[in-house]
Structures are given as structure tokens and as C-alpha cells.
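In what comes next, subunit A is part of two complexes: it sits with subunit B in the first one and with subunit C in the second one.
Let's look at the complex of A and B:
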């Protein structure tokens, strides 16, 4: 099965908003998803510069092709499970 | 100009055991207009605060005199007259060694009462001819003046008598380590590592001297200055996207034609270079750190880091010292800066709107300001040659 790509932004503004905590996924991912995902660190994806969408804030993480804003470790893990489950069905 | 030599000055000191202040003083100064560097080591009589005052007064005065090319014998008389007289010994006293060097090669060394300098050329000691001068007023003092044209890979080592007398009282070194001991150590060290930096060599000498001491406790102030004449190591630091997008290509070309190492600080900047030069870029996970974004690996580029957080941390470490047990992007960048002699900054002035968001949990410095602080520090404290270009 192809792995689900998770892109964590490590650009400046995402980083100060807490992206470093999400990077823990890379080193200690929860067991149930550990071998189903591939973590990619990326530089600024420009979402932070999208001033018209002020309701959305970093850190930004892409789970597959879904964007998670104001991402936290839990939020991303939940999103990953959700996407993986959807794919199973 | 670009081919003239660079003089790297490295110093290391250890105060006498039990004292909290250095009795020896080291003071170096660059005079860029004259392409000249002056470095002075002075040892004050005794140790502690009193010695510190004597030696710092001596270095300051000597610097003024040498800088303004005043005749040396006369200057030394003035210095001796000016030094406060020691209540115990009824003499005013501080020694000095001065190296006055022009980048084109002419170097003069003035010494009074410090152990004679060591001059290394081609891995061997060189005895530089010297003239003796003495003052009618202070008869027991003589000043030695040596002059030589320096070449690439020459080294001059100045030391206080704490180095040569290290080990006194230790049965293994009845007369202390002595200048010869120190010289042998220097030759051995250079043979093992021919390009050892001035800083590392000075540190190694002082540590070795301490090794000789009884219980490894410094019996006197131990100080060492190393001047290393060599080709400058160049570094290009590119940070920030240019104000004008038309300049992207030009900036990228700067990087590909630069004759030295290159560092890129900033995600957007890295994106520009990646796109313009069609390079592949990958995050370097070995640089993981909770406070500093990871660096990336890009072919042909020595270091790629995030921008403002990394630079802010670099500035802190330049001020407070490098975090030795870390290997994050900021530590790597600081090391790269410190290992270079000539640093060319190219600073893009486009403002990153995302950084102006008042909801960010911390204030982010404006790139231009932090770069300014960094290069001022590199210039004044680390004597680096800096150029800055804003684009």
C-alpha cells in the first residue's frame, strides 16, 4: 500500500506557531499509523502569506491533499487516521 | 586586493589559580584604512586586580603609541612613567609584546621582558634578526625590535611567562616548561595539523602549559596569542528574497560563481536558488532541534537554513558563545561564520508579510536589523572582513 504523505511546514511562521511539536511525528509516531505514513518536512508553503484567509493560521500541515491549519500533534494524528480510514472504505 | 594575506588572531588565557581576574592583558585592533593589524600582550607585575590594571593600562597606551607611529623608545618611557608604582616593590612594571603587521607583509615585533616570540615558517622556527634598544632613564629595560616580511602560512606566537614557567615546582620540569618546551609542542602540533587555526593553537598551548603545572593549577597567569598569516577563507551569506523579483536570477548567479563557501538563510531565498539553479533540496534531519528549524542539503551549497529564527540565535551565540553540545542549523551557521575570514552578505530587503502578523507568539526581528547586528559583531569582536549588499 502506498504511504500517506504528511507534509509538515517548517517555515518561520509555522515554526514559531508550534510546528516543532508536530515534528515529533517523525521520530515517535503512534504505532497504528507508524508504517502507513511518510513525513516530509517542507519549507514555507505560502499559506501563511495568504492574507485574505486570516481565519486560517499556522502551523500548516498537509495530510495527503488535505490542509490542516492551526495544526497540533493530536489534530494531525486524527486527520491521518481519518484519511487512512476513508481510503480503506 | 583579494589576494593579500589575511591575519587570523587567536588568543587564549588562564588566570592564576585562585584569582578571579586576569593579570595579563591581550588587545588586538584592526586599522582597515591602513590595512594593518596590531596585537599586544602585556603581563602586569604580580597577579589579580593590580596586575590587571597595570597590564591593561600598558596595552591601551602601547596601542595608542604604535597606532600613531610614535617612536618606540620614547613611548615606552612615557608608559613606564605613567604606570602606577607598586606599593610593595616600589617599581612600576608591566611587560609587553607587540606585533604590528601590514597586510602587504611588513611586520614588526616589539618586545620588552616577555619571553621572546616564536616565529614559524614552513613548519620550522625562524630566528628573526632583532635590534636592541634601551632607555637611559630605565636602564635595566631593553626593548627588542624585529622586522620581517611575512609570507603565507607564517605564524607568530606571543606568550606570557606563565607559559614558559609552567611546571615550576613540578619535579619533571625543574626549570619550568620553558620556551623550548613550548616551541617543541608547537612544532609537533603544526606537523600533525598544518592548517590548525590560530584560535585552536593558542588554546592548545595554554592547555598544554596547564598540564605541566603541579596539580594542573596555573601558578601564574598563562596567556598566548597566535597570529596566523594565510589566504582568506571566503563565505557568501545570502539571506532574504530581493525586493525586486527581476533580481532573482542575478542573485542565483552570484551563488554559482562565488569563489568560496556559500550559505543560504531563509526558506524563500532557498526556494529562489533551488528554482533558478534547478538544484534539489532536502531537509537535513540530523539538524533537528526544538527551537531552530532544521537545515537543508542543497548540492553545491555549504549550508541552507531557515532565516530569521536561525539568524537571531546565531547573534545570541556570537555574543554569548556557541552551544557546544548542539548541532542545529544555527550552531552550524555560527561555526561557518567563525571559520571564515571574509564574509560577503547579500541581504534581500523584501518584507515577509507573514512575519508581521500580530498573532505570532513572539516578535520576529526584521532581517535587515539582525543581519546588521551580526556583521557589526563579526567585525568588532571577531575582526572579520565584512561586506554587505542590500538587494
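Let's look at the complex of A and C:
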């Protein structure tokens, strides 16, 4: 099965606001999702410059095609589970 | 397990960003919006209501401006007014940890409690093993008499159903020197005489009730509103704390307004040389062992709480001291700002005339974000003076002792031991070593478990940061070859 890509923004703003901590997924991801995801550190995806304010603020993480804003470790893990479950159906 | 920062810690970064933004935007004219922007209407709240969340945020923001919440004299004073006060002050904000009384949840006193998992079994090991006869059975379940219980934990250990839990007070549990205690209302207070400024309470409080006065505004004022030459001294732990290459980080700091950026690892090289020489000398004099001295929290703990170990503490100065000394010799008119992972360094700086300000990586990160600087887009700039592998490994547990040992080799017998983290147990261990002697003769003491890369002012994950530091160490020249 193809792995689900999780892109963690490492632009300065996202990194300082908490993306640095979400990188914990690289080391100790929850067991149920561990071998189903691939973590990629990406450069600024420019969501923070999106002035139409649909996306509020960083850190930004892309789980597959879905954007998580104001991301936290917990939020990203939940989103990963949600996307994985959807794909199974 | 690797535990990422929690909401309380993450909120601290956001508050600092908001404060720096408010400074840059209009010098705090609209600072009163900060708590509202962080907890807007309609968003979920985490305390009793959104208003309490905002009230606590106001106190946390005050600390970010360098004003301790316990300095409040009138509750009506607004953040804008506190901002004006911060802008007007001539003296920098002095280091101080404090508890926001309204945010302190006054956790119940640490205790053992029987849960519903108790089956009221026939064996009743809890009752049999309790040395104080504090356990009786009520309605078929164990019950602990709080007047008799001495919190020994025997019942908790022996229960076959794990039905007896320990409820700790996180800050008291984290404080290695018993400096934080409850008042008669259950609210925690910090005893400044006992406090070693390690920041463990601040990191552990689940309510974000413990704050520290920041000097961020003092430095922002200097770099944005004066033409003073402000120089950043980056602690060796900075490697891995920011995204992109080290050279870009240096470029970003210059863009932010620092006139120059120097590496404290250069001072750490000097510490390594001097400490190695001191070690050889002490061993020749017949000393049982020597301990490192570059961790300011340990240095203070030795002074106040472990006086028996003081004679064994190295007299060599810290990397910050030597770096600042060099800097002030070269550029006597500059303002020096130490940037590191450490809160206790602020206290050390108060005794060091060459260090003017101390910021954390988190504060520098907040300043960069607020100023819209993306490190990746900044020009690469090199340090003028390049550090060696020895100085670069200081922020890792085992690094300082390893660096010193590499220079002692062949001159004396060195048996290093690392005290990784200044816990209550390790303080007892150090006391024992001081009075009863130690098998090893070079003790490296680091207050933060894992080393400075796990300090309270860090942004990155300790594990990731230690990899970055290791690879930077590998690229460094050996100090031995430079001699």
C-alpha cells in the first residue's frame, strides 16, 4: 500500500509556532499509523501569506491533500487517522 | 517516549510572537488586543470560560513584556500601559520566575488515592503492607486515612489491580530543590532564596501558571529604536533550533537587526582548555574528583543546596563568560546578548558585567516570526571565528566531560561520569559523593536531562536537535590539533 505523505512545513514561522514539535512523528509515531505514513519536511508552503484568511495561522501540515492549520501533534495524528480510514472505505 | 510540547508551552511561543508583533506594529498601542486575538470569541476555551483564559493570557503577556504578574498593583492597568512601562524602563527586566495566582489551579496536595478499580480482595496487601495502619475497608473497598498516611507509596506498589494511584503536584514534583510550595489557599509560591532558576516548574505546570520575566522587549528596543551595536552570542545549543543552515540563521539575525553574531562554542573551547588544565592540577593535588561548572542552575544549586560539593566544583568560567570577555575586548562599545536554551543563564548574566542581556531561542524565534523573516530567504553569512569539535559538543549530556577528557588524555587518569539531569535523587547522589567520595573523578552535571538541547528555552525537539549538534561536532576541527 502506498504511504500517506505528511508534509510538515519548516518555514521559520511554522517551525517556531510548533511545527518543530510535530516532527516527533518522525521518531515515535503512534503504532497504528507508524508504517502507513511518510513524513516530509517541506519549505514554506505560503499558506501563511494567504490573505483571504481562509486558513488562519500556522503551523501548517498537509496530510495527503488535506491542510491542517494551527496544527498540533494531536490534531495531525487525528487527521492522519481520518484520512487513512476514508481511504480504506 | 518522546513527548512533544503541550498546549501550555506552545501558547508561550504564540504569546511572545504577539508581543513582538505588537511592539513592531505600533509600539504596543493596540496591545490590549493580544488576549482577544489568542482567544477569539466562539473558539473553545480551556479554563472555566473564555474570560478567564484571556485574563490569564494577560498575565502571561505581562511576563513576556518583562513585568512579573506579582508586580501588579492595580488590576485595571492595561497591557498597553504595561507596554508603555516596558518601553520607558531604562533598566533591563531582571530574571524572576513567578506564579500567576489566578492561573494556579491549586492542585490537591500530593497524595495516594484508592480508585474504583479496588476489588476489596481477600489478600489485601495494601492493608498488610501499610506501615502506619492507614488503610481500612469501607463498603468493600480500601480507604486511606489522610491523617495517618505518610505518602510512602507501599500500597500503590503492592496492589495487584493497580487500583491505588498517586496524584502528584507537577511543579513541586519537578522542582529539584523544594523551592515551590503552597500557601494556605493551596496556591503555589516560589521561594527566590531557594530557587535555582532551572525552569522545570515552568515546563511542568499543566495550567501554564508559571512565567518568567522576558528581556525580549529590552533587546527589541535596542535593535529597532537605537543605533547601538547589538551583538548576539549564540549558545552552542543553537544548532538545530532553527530551520535551514547555520549560515542562514546568522544572516537572519543580522536582518533582524543584530550588528554581529558570534558563536559561544568559541568560548566553550577556552573553557575546555582551562578546565582540562585545572583538572590535571587538582588531581596532582590529590583531589577525589572535580565537577563541571558551566551549568548555572547546578552552580547555584551547589552553592545553596549542596554546600558540601562546593570545594569540588571547577573554578573555570563558563563558555558565556569567555565569549563575552573576548567580545567586549574587541568591541567595547557593543551591547552583548546571550542567546541560549537556558533561564538560569539570566541569573549568571546578572553577575557578569560583560553580558548585557539574555534571550532564549524561543524569544529569538518569536522576534524573527514577528518581523516576517523567513530564515531560508536570508543570505548565508559565516562566523568570523570558528569553533572546534570540543566546544560544539557542550550542549549534549556527556559533551562537556568528553571535551575535557579529550585534552586531559595522557596527562592524568580521567574517569568521567555524567549526572544527566538535576533531579531530587541526583542532588542526594551528589551530596553522597561529596561526603563519601566517588569512584569516578570527573563529574559532569547538567540540570536539564539530555543536556542544554533540552533546555526550557528550546524550540526544536531534543532528539532532533541532538542529531544536528552531533553532525556539527563531526564537522569541527579537533582542538588538540590546534594546540
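Following the convention adopted for this analysis, the second predicted complex is superposed on the first by the 87 of 89 C-alpha atoms of A that agree within 3 Å, B and C clash if a C-alpha of one lies under 4 Å from a C-alpha of the other, contacts with A are read in each partner's own complex, and residues count from 1 in each chain.
Everything below uses one rule, namely that a contact is a pair of C-beta atoms (placed from the backbone, for glycine too) under 8 Å apart; a residue touches a chain by one contact, two chains touch by 3 or more.
Treat the numbers as computed from the prediction; the structure is a model and nothing was measured.
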Exercise. Look at A:13 in the shared chain and tell me whether it touches subunit B only, subunit C only, both, or neither; answer first, second, both or neither.
Key: both
Exercise. Look at A:28 in the shared chain and tell me whether it touches subunit B only, subunit C only, both, or neither; answer first, second, both or neither.
Key: second
Quiz item: So, A:72: does it touch subunit B (first), subunit C (second), both, or neither?
Solution: second
Quiz item: In the superposed arrangement, which partner chain does A:43 touch: subunit B (first), subunit C (second), both, or neither?
Solution: both
Self-check item: Common ground on subunit A, meaning residues reached by subunit C in one complex and by subunit B in the other
Solution: 10-13, 15-17, 20, 23, 26-27, 43-44
Quiz item: Across the complex, what residues on subunit A touch subunit B?
Solution: 10-13, 15-17, 19-20, 23, 26-27, 40-44, 48-49, 51, 57
Exercise. Please name which positions on subunit B make contact with subunit A in the complex.
Key: 267-268, 270-271, 283, 285, 288-291, 293-294, 296, 306-309, 352-355, 357, 359-362, 364
Quiz prompt | Contact set on subunit A toward subunit C in their complex | solution = 10-13, 15-18, 20-24, 26-28, 43-44, 72-73
Practice problem: Please name which positions on subunit C make contact with subunit A in the complex. | Solution: 1-5, 7, 10, 13-14, 17, 242-244, 252, 362, 365-366, 368-369, 373-376, 459-461, 463-464
